[in-house]
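Take a look at this one; I'll ask things after.
By letter and in written order, the chains are A, B and C; residue numbering begins at 1 in each of them.
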Amino acid sequence: MSTIAPAAVKPLPEWRRFRFPQSLYKYGAVLGAAGFIWWSLDFLRIDVERLPGILGRMFDVLSERYWPPQVSRVMESGYIEAVVDTFQMSYVATVVGILIAIPLAWFGSFNMTPSRRYLYPVARMIVMSCRSVHEMIWTILLVAIVGFGMLPGTLAMTMFCIGFSGKLLAEAIEAIRNGPVEAIRASGANELQVFVFAVLPQVRVAWTGIAIYTWDVVFRAATVVGFFGAGGMGHYLRESVQRVESQEVAAIVLSIILIVFAAELVSAWIRARISRAIA
Amino acid sequence: MSAILEVRDLRVRYSAGKEVLKGINFTVRSDDFLAIIGPSGSGKSTLIRCVNRLVEPNAGEILFEGRDLLRLGESEMRAARRNIGMIFQEFNLIERLSVIDNVLTGRLGYTGTWRSLFRAYTRDDIRNAIRLLDRVGLIEHLDKRADQLSGGQRQRVGIARALIQDPKMLLVDEPTSSLDPKIAREVMGLIREIAREFGVPVLCNIHDVNLALEYCTRVIGLQDGIKRFDGAPAEIDKRVLADIYAMETL
Amino acid sequence: MRAGAADLTAYDLHADQISAWRNRSRRMRYGTYFMVAALIAWSVEAIVIGDTDWDRISWASMFKSARQFMDVDFSILGSLLTPAIETALMATLGTLLGLVLAVPVAWLGAANISPLGKFSYAFGRALMTMSRSVHELVWALIFVAAVGLGALAGVLAMGIRSIGFISKTVAEAIEDVNPGPVEAMRAVGANRFQVLLFGILPQVIPVFIGNVIFEWDVNIRRSTIMGLVGAGGLGLALHRQMSAYNYGGVATVLLVILLLIIAGEIASYLARRAVI
């Protein structure tokens, strides 16, 4: 390289990539992470040495006992009915859940809540509580209280839906422009009117997308709630698992995957139609 | 004076059908500071990107140090790019990396894949990076993140990055369009100084005609994909400008 | 200037067009509302009337069941410490596994850098969808069948489940990347790997880290139910208490789960603040 004369008279600094103590922190962090993983594996009683063998045998185990799938199981009329039941549960749960989530999202949105001191934290806590509890735990609880069947399943899915959509709907409200809000407020409208005329039109598009996405997720969960006695396809899954009919289990799992795929395609199609209609 | 770059009958057509460069011919000599002027849409940006094949031309020859770049395979082209330094309008630094790491990325063409994963550049590379940063006046900002610098400072990092490649030619794409007028002159001056110091010819896109005339030794005027002028800055008068910028004077 | 007869006809035509369009879209909207309502009615009928045995349940019995949860059985609290730690560790390892596997999937599923063009892109997207379409409980069942009972099945289930979200968001970030630095890296003569490493990756890292933290948070929830099908953690304790009909014990486990989730929320909030 052609010689470059230093511009200043003073000597140029020496530079190494990792100077003390930054190098210590970096190496310490890497070692710490590795150590943590090692300890976790030990605590969880996962035998690292046998791991490659277990993973290698995974496919053998599945192909021996679970293939070919027992398709007749999913063709039973009871199962077809269960699929319809699953759809109905997810549908009601989504509609009711979102209807409940809308006011919660309104109160739980930092910019548009009518009362930041009382309504906001309460609404946020309700939504967070619904979110924190796993949908299967809701299912177990409600089956214990209400009994078996589609009702507890629907109620559980409703709680799940409130938690899931409440957060997303509130985030959409927090992303609106303040201009129309100010304008409606200035005309003397009360908070509800402000919500209806300034907020709703702005979030309409986002909320429609959220609603459809929520149904998608709720349906996916609804396919499994029957496992704990709450109606739907999951019941058949549990039966086959308990009877150790592995090929039936395979058939049911595959049918769940296919049906969820179909539901996703349908919801994607609906979303595309709606965005074209709105655009 | 030997010709370091010879462009012959360069043609570029975008897939939409519009021909952007319609047969460009020119030469860059080893002591040139060549400015390309012309209205927007004339093809200046495309032309400069063809030289190091960031854009693939449809026809023509680009002879760099006697070799036709358009015939080179992928790895040969990468090797050729090492000898061509490029300075960008939007600086194109790696925002999250420090100033010195940004300059060092100029040596990636000389650094193996495995070593570059750990950013293990040679000691010579690091020493040269420091010297270059001192030369462009950024020695106090060695370890600062690139996104903490001002526009003018960022462009100077870009200059250092281009020069650490030890290039045989510099491609400069609108170096001052994103800068204040005062900073723009400083940057142009720095580019000219350094190019002379290192003995590197410059091919420079510029849309500010006054700036071009002040700093360059030769001018090429482009309009609508065709070369309309090729000569010394002194030869440029109102008539020539009207000819090049025909559409803009409207 | 008064409008001439011809202009009035033009206005009338235009007004007619608008009201015709309004009527059509109004009909479409009401049609959609009607369909939605009809589906609700049909579904509610099936759930509430068809399926529910109103003779057996009553407000009294439900109240009684609910009250049983109120007698929290604190005696089992000590035995829940180990499962709680197990649950947290399973979630962490599962997230780590997920993020490691998500990197190549994101690479495949990003339209601008997918190595084999449309084919690898479609394959990558299919992997993302598959990971997300299968409920974590089903993944847990699959892995318990494949590798046996215990925490390993849970870690694998959550790892596979997490691939979808992380790789999808990272792939979208890759597709939205600023092309300038990529151009600069090509111009210095970097090879394809170096262009990826220096041009694209640094831009994608903030999104990646943020989403990993989010997914870790979600995985703590998922981890609590893994034990219900034998994959380790608090779920197993929950299952045991339920099987013994010890509703007080169930309540205890649920409280511990809630505490764990709150701890996870705080941790992920702090982690997010530290990074962004």
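Here is the rule we go by: a residue touches a chain if its C-beta (ideal position, glycine included) is under 8 Å from a C-beta of that chain, and two chains touch if they have at least 3 such contacts.
This structure is a prediction, so every number in the text was calculated from the model and none was measured.
Think of each touching pair as a link: the shortest run of links from chain A to chain B has 1 of them. Highest C-beta contact pair count among chain pairs: A-C.
Comparing the CA-atom centres of all chains against that of chain C, the greatest distance is found for B.
In terms of their C-alpha centroids, the spacing between chain B and chain C amounts to 47 Å. Remark: chain A and chain C have CA centroids separated by 2 Å (rounded to whole angstrom). Contacts from chain C toward chain B in the complex involve residues 180-181, 183-191, 193-194, 197-199, 202-203, 205.
The touching residues of chain B, counted against chain C in their complex, run 52, 54, 75, 78-82, 84-86, 88, 90-97, 105-111, 113, 116-117, 158, 161, 165, 171. By the touch criterion stated above, chain B contacts chain A in their complex at residues 100, 119, 124, 126, 128, 130-132, 134-135, 137, 139, 142, 166, 197-199.
Chain A makes touch with chain C in their complex at residues 37, 40-41, 43-46, 51, 54-55, 58, 61-62, 65-66, 85, 87-89, 91-92, 95, 128, 131-134, 136-137, 140-141, 144-147, 149-151, 154, 220-221, 223-224, 227-228, 231, 237, 241, 246, 249, 253, 256-257, 260-261, 264. Those residues of chain A lying in contact with chain B across their complex are 1-2, 4, 6-8, 12-13, 15, 17.
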